[in-house]
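Order of writing sets the labels: A, B and C. Residues in every chain begin at 1.
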Amino acid sequence: MISFIQQIVNGLQLGLVYAVIALGYTMVYGIIKLINFAHGDVFMVGAFTGYFGYTLIKLPWPLALVMAMAVCAIVGVLNERIAYRPLRYAAPIAALISAIGASFFLEYFTSLKFVFGPDYIVIHPPVPDITWIIGGVRITIVQVIILGTVVVFLALLQLLIFKTKMGAAMRTVSFNHDAARLMGVDVDKTISFTFAVGSALAGMGGVLFGFAYPELWTFLGIMTGLKAFIAAVLGGIGIIPGAVLGALIMGQVEIMTAAYISSQARDAVAFAILIIVLLIRPSGILGRNELEKI
Amino acid sequence: MPLLEIKSLGINFGGLRAVNNFDLEIETGEIVGVIGPNGAGKTTIFNMLSGYYAPTDGTITFKGKLMNGLRPFQVAQQGIARTFQNIRLFPQISVLDNVRIGFHPRAGYNLVDSILHTPRFIAREAELTDQALDILATLGLEDKAYIKANGLPYGAQRRLEIARALAVKPDLLLLDEPAAGMNPAEVGRMVDLLRFVKEKFDLTVLLIEHQMGLVMPICDRLVVVDFGEVIASGLPQEIRDNPKVLEAYLGRSAVA
Amino acid sequence: MDKKKQVIMALASVLVLYAVLEALMMVGIVGPYWQEIMRYAMVVTIGALGLSIMYGFTGQFSLGHAAFVGIGAYAAGLFNLTFRHYGILAFLGSLVVGAVVAGVVGYLIGVPILRLKSDYLGIATLGFGFIVTNGLQNSDKLIPALGGARGMTGVPQVQGFGWYYVLVLIAVILARNFIFSTHGRACTAIRENETAADVVGVSPARTKIMAFTIGCALAGLGGALYAHNIPFLHPDSFNFLESINYLIVVVLGGLGSLTGTVITAVGWAFIWEVLRLVLGPLYDFRGVIYAIILIVIIIMRPQGVFGGIEASCLVPQIKRRKTHAAAGD
């Protein structure tokens, strides 16, 4: 029983990291209906930037976190400007291919020797090594930091979306670009802002990921990004609470499979669950299935 | 026996009753018009007839066969073809191929013939092409056969949709606002065309239309629908003079 | 030019090209290294033709195509490994086995998941791809010869370029025949407007499953060739990134263009080598350059390089008759 609770805690740690990455996928999909393949790589950039922030520049880790978020926001906005905006009104597949190109670019560019380099980097998290044991369950300070940071930023995101003018603009644009334009919303600016927010969250996810799973390389974003994306789809892509729900489920599924079935099967089980959910609820757990109008 | 027999047809969307207790019988060779204000449920009836929506209650019997539960492609194979209010062609392929797709269930050759281009394939393809060109000629589109469908002007796209429906070899043709967006001269030409096509292909026609310039001269009978229910039916002249119909179209205050 | 002449010219150029390539190999200008890449290009072409049919022509998105290539490769590999004393017969048999096994798996997975639309179908196929890779990694627990995560070795190799070349030719011709038939038209109709296709009597479910099965069988055929070109089969050679590569080839080639698929597939198979030659000491930048090429091409030609274009020798002649011949009756 104690070990089961321990697995839940571990699953929660993973799920929370997935959640902040999944939010970026879901926000971008909600607003321009694009699977932003490069998002996982923005996450990777965040992980490295944070690492260099608290090692090379010797910033305290919260400042390094902010720096990583800022850098990722810029990367995300540039990415949209350069690779997606010219294709916004082309067939969706064109933008998807461009996103794949952007993803490759970030991976290969950062793996150059003068950027992040091609090798694995092992991190020593810049936090004291504290572990509490509560009723036999180990809880690390990293887990507490992850939980605290993610909850704070989720609350901030909620405020941003529902209590600010920009949030209203984001909701309008995700509903319909033309209608938003007619209502005087600056669609380009709103999309840029969405990328900035989503990418900053991914950057945060990257830094926290580095604390929890302290081994980085520049192709790290592919699998982690995919898992987070799958989580967003599982919950219902385009729906913010769905991304968090999907991510938490995904974290538990992976950890539980690794603990009780086989650690090799974790991806297969996660994807099998995804396929089954899609077959039962084609738009995800919280997604709405709309009847096609003829 | 009527060609088409609809009995107390109804459908709910969530809590909304979109069509209620709709009855209609159509004899072979008739042209029947369904009219009514926007949102009255006309297209919903068509969508049930062509198999898109499963009716919540009631029956649809066509040529003595119960049609409830058939998928759209099965309905088409039974001999009911339709057009759409908002034109739905296959835009990136040729006008000719738009029509030839209508022959698909009766192409007369199988997948192996297709992959190997067997003599049977070659013979049948030539026949299909001939038949398609004939249909296109009837609708005045033969000289456009080799251009892409999205290269046609609006009126020609409407005619191509009818041509494609004819390739299905239907007994019953459902036309959803065939004259939408047309000026009176074009409506006049559509009237002539529909009459001609109906005779040539031995059709029974059920059509939805707002343009009285099309409905009045062409329809043998009219059915008026409002709020998903039949509020009147009869000869075109009778309907024109029916106060209930005016009321439905113009709103209660205008009549009172 | 008249159609017959066009086809004869095309076939003649295909023969001449083959003769030239064989001659270059014989005198040693094209060495074994490049020969392997040429064969790989043929593998990619056949696999891409499969995705072209299911996505380019039928509009059914797949992010798991390489999984079917892998299934074909492993099935063919196992077959030839088992029956290797039969020599070339075992090779030919393994081609059939690879295509059939991948086709059957494609059919079985297609039936449930083809109800999903666009991105969701892509995601489901992506998931399936992961399940296949994962399964192959553990395959040795069931069939030791498959090698699991250690990879599979010992499949007899077939290095005659002619086999690969001829199979590509056959695949192109069969794919072209399929596309220009009522079945191919049904596929295109589904891509263009599923609702309208349904209403003229084309069953969306059946058509999609047919296209998906054929596409997977072609992927399997490509995989079967792959198994004979590279002496070491590993699950990672058929992973998600490889599926993405097939998608890139088909989209950059232009959806709905067999010509585009073939040319881009061959071009793509060589691009890394070409970048290696061109970049020289700047070889480290190859990935960055590749990414930039990808983005630039798709921004310049969102419909793909050959979108909407088909080599005229592939398009069958359609009977034309004088206008108004049948009018007026």
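Definition applied: a contact is a pair of C-beta atoms (placed from the backbone, for glycine too) under 8 Å apart; a residue touches a chain by one contact, two chains touch by 3 or more.
Because the structure is a prediction, the values reported are computed rather than measured.
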Remotest chain, chain C as reference, centres from CA atoms: B
Most centrally placed chain - per-chain CA mean versus overall CA mean: C
Separation of mean Cα positions, chain C and chain A [Å, integer]: 33
Distance from the mean Cα position of chain C to that of chain B, given in whole angstrom: 40
Centre distance in Å when chain A and chain B are each reduced to the mean of their C-alpha atoms: 49
Multi-partner residues of chain C (each touching 2 or more other chains): 195
Contacts with 2+ other chains: residues of chain A: 294
Chain B: positions in contact with at least two other chains: 52, 84
Touch list for chain A against partner chain C, complex: 35, 82-83, 86-87, 90-94, 97-98, 100-105, 107-109, 111-113, 222, 226, 230, 233, 237, 264-265, 267-268, 271-272, 274-275, 278-279, 282-283, 292, 294
For the chain C and chain A complex, residues of the former touching the latter: 61, 112-113, 115-120, 122-124, 126-128, 130-131, 134-135, 137-138, 195, 240-241, 244, 247-248, 251-252, 255, 284-288, 290-292, 294-295, 298-299, 302-303
Chain B-facing residues of chain C, complex: 174, 177-178, 181-186, 188-189, 192-193, 195-204, 210, 256, 308, 316, 318-321, 323-327
Chain C partner contacts - residues on chain B that touch it in the complex: 50, 52, 71-73, 75-77, 81-82, 84, 88-93, 96-97, 100-105, 107, 109, 111, 113-117, 121, 125-126, 128-130, 133-134, 137-138, 140, 142-143, 146, 164-165, 167-168
